[in-house]
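Listed after this line are the structures, all set down as structure tokens.
Shared between the two complexes below is chain A, which pairs with chain B and chain C, respectively.
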Partner chain A sequence: MSWIADNLGLIAQLSAEHIRQSLIAVVIGFVVSIPLGWVAWRYRLLRGTIVVVTGLLYTIPSLALLILLPTLLGLSAFDEVNLIVALTIYAVALLVRAVVDGLDSVDAEVRLAASAVGYGPARRFWGVDLPLAGPVVLAGLRVATASTIALATVGILVGVSNLGYLFTNGLQRRIIPEVLAGVVAVVLIALVLDLLLVLAGRLLLPWARRRSRTSGRARARLA
Partner chain B sequence: MIEFRGVSKTFPDGTEAVHEFSLVLPARKTTVFVGSSGCGKTTLLRMINRMVDPTSGTVEIDGEDVARRKPVQLRRSIGYVMQNSGLMPHFTVVDNIATVPVLQGRTRRDARSRALELMATVGLDTALANRYPSQLSGGQQQRVGVARGLAADPNILLMDEPFGAVDPIVRAELQQELLRLQDEFDKTIVFVTHDIDEAFLLGDQVAILQVGGRIAQVGSPSALIEAPANEFVASFIGAEAGKRALHAKRTANGTVLVDAQGRTQGVLVEGADAS
Partner chain C sequence: MNAFVDAIAWILSGVQVPGAPTIPEAFAQQLAYTFGSVVVAAVVAVPLGWLIGHTGRGRDVAVAISGAARAIPSFGLLILLVLVMGVLHKPEAAVITFVVLAIPSLLSGAYSGLEAIDRSTIDAARATGMTEWQILWRVEVPLGLPLLVAGFRAATLQVVATVTIAAYVGLGGLGQYIITGLPLRRIDMVLGGAILVAALALVLDGLFAALQRAVVPRGVRLDRPRRPNPSAAPTENLAPPQREKKTMSTRMTRLAGLGAAVTAAALVLAGCASSNPLAPETGDGTPSSDTIVIGSQAYYSNEIIAEIYAQALEGAGFTVDRQFNIGQRDAYLPEIESGAITLFPEYSGNLLQFFEPDTTARTPDDVYAALQDALPSNLTVLDQSTASDQDSYTVTSAFASQYGLESIADLSKVTVPLVLGGPPELAERPYGPTGLKDTYGVDVTFQPTGDTTVEDLVAGTVNVANVFTADPSIQTQDLVVLDDPEGLFLASNVVPLVNKDVADDIADVINEVSAALTPEGLVALNVQSTVDQKSAAQIATQWLQDNDLS
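The block that comes next holds the complex of A and B.
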């Protein structure tokens, strides 16, 4: 355990790197998934293709992707952009599905009502469809964030420094506390980010929480 | 005034929802389209605010063809109230009512203060202003729906079976409330229902529709009851066998009116004003 006490600075620095790389990937993945998800949802013909293709991305072995990307992107093999692009691809694979499912979950009556009272198409998407897809999209975002944090550790195998370093270094030098510190740090980061997402959801989607609290039965009694 | 001129609608799948429909809906009166499901009444309603565009024929508002208006602007200028309220689940009550004024570019603050006034107008406690629709009863939700329809002070209010999903007691309350509001605001209301009693209660002009939006008969409730045009109308309004088929029965205390099932429905008051 003294290894951990002696290396708190290293752990903190690697954690910061780790969080930065993961968050960039999740944010870009989220931003890319909204238009992709919308197109898949809106145009039935494209839907199958987009959902299947993005879903298949998830089955690409991460190590293979990390080895291929530098050639595809024309970057140095040790550039962290390779890792961020790979993580973004995996995030998109999860999030496109979540956006499509989220938009599907919006009540058709509500959509019709929004059009009937005078929402134009763009305004309806940003003001009605997307917020109402929020709970399902948020659930997808939580999964994507946790999986990205865990997956990012493979970066160390292609020379990108983050918490994965504690695994490889600890393994090579037979320092078990170092490996354990890495595992605990990854789990803690994932838990904290998940908690932040839940809190953000409560703040941004207050109606979703209240709906689940007032059940249909309670409403019937009120009537 | 709204005027349908030879309006037909064939949907892409080939079903003809409305065939050659023509009717004038007078300004500041309530016109009710009543008929069984599939008679095209909702399609007709949606043609007024261009939720549906006719395949042929025109719909005019005060002499202007709605096809020349931009759909989004047109819809903001017409109140719309639908079954199951159609409220935005993620907006509070006050923001739901303020929806249309905000879309029209009014400030949120302005629109909210107007919304609070409207809550009182439609009989809602302003303490509910910051609730979400899911926290309200069905009747309260419909009141919010009506308030939203009135918020931009439109001349025309379209109501698509607005009270269809609430229980009979609440429905009766809401109907009385609508009559009171109409007394106060004098809107041109187009109301769609499958309930003939509701049609007769609320309508100044009632159009009984058959499949394809064919008008079986149109007129005031009294005219329809007094002179049903055909068998279909007579049976639809229940003039022959239902509760509207009353006959006089003499009793020791005067004449009472009895329905087809033999239940006494009322007392005949001689010499009363027949209007």
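The block that comes next holds the complex of A and C.
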């Protein structure tokens, strides 16, 4: 375990790169998914196509996508943009469905009530639909964040440096604590970010807690 | 478009590598790992999920464990388990990795299926006098089945795409074509492998979609509105894929064909696009005139040499930009040719063979001379070092003495079947199984062993191994490097590959380093990295001091 103590600087530096790459991908993925999810939810005809196609993106093996992307994007083979684009694609695959489901979960009567008191379509979306969809979207965001952070490690196989470096380098040098440090660091980063997302959810979506407490079993019993 | 056509042609041609599994065999491996792992995961997760769903207890714990399990990087866990359990247990390590991957989806599929059931249904069952077991088996399990199948579907899709990485530790499956194709610059192979995995995933997804509809109990199906009410799904659930799948299941079958076409189109696009006007070549990292950009391979020994170059140049007053660990030759050479990287520690023979696969040069001096001629006009090499790190065929000393082996030619005396281990791309290298047969008349079966080749040799899963001659384990594991009288391998000395713009500026500093780097010295550097576990920076600083170069 002395390897870990001797290389805390390296672990910290790789963690910082890892967090930066993952967060950029999740944020872009989130920003892209909201309009895409809305279009899929609003227009019946496009819904199946968008949901299925983004879902199918998930079946492309990540390593293959990483190898093929430089050709597609015309970037240098070890540019980290390749990794970020690949991670964004997988994040979108998860998040579009979460947005569609979130909008689905909004009670139709609430929507009608909003229209009745004079909300226009745009104001209703931002003021009513999206906040009420928040809890489901947040659940999707949590899954997407955790899986993006785990997936980013594959980047090292195409020359993008992050915590995945500890896996391949540790394997070559047969240093088990190095590989273990990488796995633990990835899980810790994911858990900390998950906690932050939960806290952000409590602050920004206070109604979610009330609803979740009365949802499921309790709500069914009330009904 | 060409790449896509090439990929299809590659798939149709089948794989013609001695000993390597055929595409159907790789398919079978991929399926075996997928289903084996999902079944083991189901044995663990489904009863647990039902227990949680039935009793309503332990849900928070399950959600927390699922969340943590999702965050575990499969790639790192696989490597960790292979190192801890040993190379003889690679398949078990892979199955454990994929089981961990599959558990969250299965667990939440099982409990959310039970949770989504209307309470009054269960109360009614209890009122009619059903025991708890009867409620579970006759009411909850059947009603929860669609969401459970959705959990199986999500888990299977995740696992089937991730089994690809098993090839990184030499376990085969469809990922071997992706892993092998990367160092060989075989886009047809990479794309072909990706198409096969995606096609397999699509077929499995379609089957599960059909199954998901089939398991809806008949009574429920008649009763249910055409579109299930999504608000009935537990909204606080951490696992949206299960719920999402439910709403998309009916569309899935109808749109599977369309989806397949779009995926194919995306892959076609990936195959034919060569540039994107929105992402112009920015000349990433174009060096300012006085900065030396040093690259290194994703190989710990190469990184040490690059770090020595870097510290020596910094000591001489140069500004250095380190671009280490940037993969393999096919990936980084374009960067050197473009001038984005100006200095790179290389290996003369392997570099020459990259530019001239059919070269006949074999000795260090011949290779060096041929390399100067073969390099692109804006690149050159400085003095080569006596240190070499070249491919070799290596056996254990016990095996060597048992059959009296000294040279590769002696392998024909061996009476047991020969199994050759090495990196996956060895299968297609000029000195691989084909070269071994042509040059020495030795027949081998090839087994890709990746980064654990030495362990595989010692454990006996292979009896001949492709090991780099500067690998410290040749000494520590008592291995014998077989002589190569017919020159199957090229001499491959450490040589600095440089851009001509900076060659004259840095030649004095780097040539001093190359002169001081001996074969024994290179092995000693590697020992400090693997045995003493020092960082490249520490090793380089020490080496420069010891050689009066700092």
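By definition in this document, the second predicted complex is superposed on the first by the 211 of 223 C-alpha atoms of A that agree within 3 Å, B and C clash if a C-alpha of one lies under 4 Å from a C-alpha of the other, contacts with A are read in each partner's own complex, and residues count from 1 in each chain.
Keep this in mind: contacts are C-beta pairs under 8 Å (C-beta built on N, C-alpha and C of every residue); 3 or more make two chains touch, one makes a residue touch a chain.
What you see is a predicted model, and the numbers here were worked out from it, not measured in a lab.
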Clash or fit: chain B against chain C, after overlaying the two structures on chain A? fit
In the overlay, answer first, second, both or neither for which of chain B and chain C A:L130 touches. neither
Look at the residues of chain A and decide whether chain B or chain C touches more of them. C
Report for A:E109: first if it touches chain B alone, second if chain C alone, otherwise both or neither. first
Should A:L87 be classified as contacting the first partner (chain B), the second (chain C), both, or neither? neither
State whether A:I19 touches chain B only (first), chain C only (second), both chains, or neither. neither
Tell me which partner A:I149 touches in the superposition: chain B (first), chain C (second), both or neither. second
Quick check on the superposed pair: does A:V158 touch chain B, chain C, both, or neither? Answer first, second, both or neither. second
Superposed on chain A, how close does chain B come to chain C by Cα atoms? Whole Å, please. 14
Under the contact definition given at the top, report the residues of chain A touching chain B in one complex and chain C in the other. 107, 208, 211, 223
Which chain B residues qualify as touching chain A in the complex? 46, 49, 51, 72-73, 75-76, 80, 82, 84, 86-91, 99-100, 103-104, 132, 134-139, 148, 166-167, 170
Under the stated contact criterion, what part of chain A meets chain C in this complex? 2-3, 6-7, 10, 47-49, 51-53, 55-65, 67-69, 71-79, 81, 94, 97-98, 100-101, 104-105, 107, 135-136, 139-140, 142-143, 146-147, 149-151, 153-154, 156-159, 161, 163-176, 179-180, 182-183, 186-187, 190-191, 194, 208, 211-212, 215-217, 220-221, 223
Show which residues of chain A lie in contact with chain B when the two form their complex. 107, 109-110, 112-120, 123, 128, 131-132, 134, 205-208, 210-211, 214, 219, 222-223
Chain C residues touching chain A in their complex are 3, 56, 67-68, 70-77, 79-80, 82-84, 115, 118-120, 157, 160-162, 164-165, 168, 175, 178-179, 181-182, 187, 190-191, 193-194, 197-198, 201-202, 205, 230-231, 233-241, 243-244, 247-248, 251-252, 254-256, 258-260, 262-263, 266-267, 269-271, 273-276, 279-281, 284, 298-300, 323-327, 330-332, 334-335, 338, 340, 451-452, 529-530, 533, 535
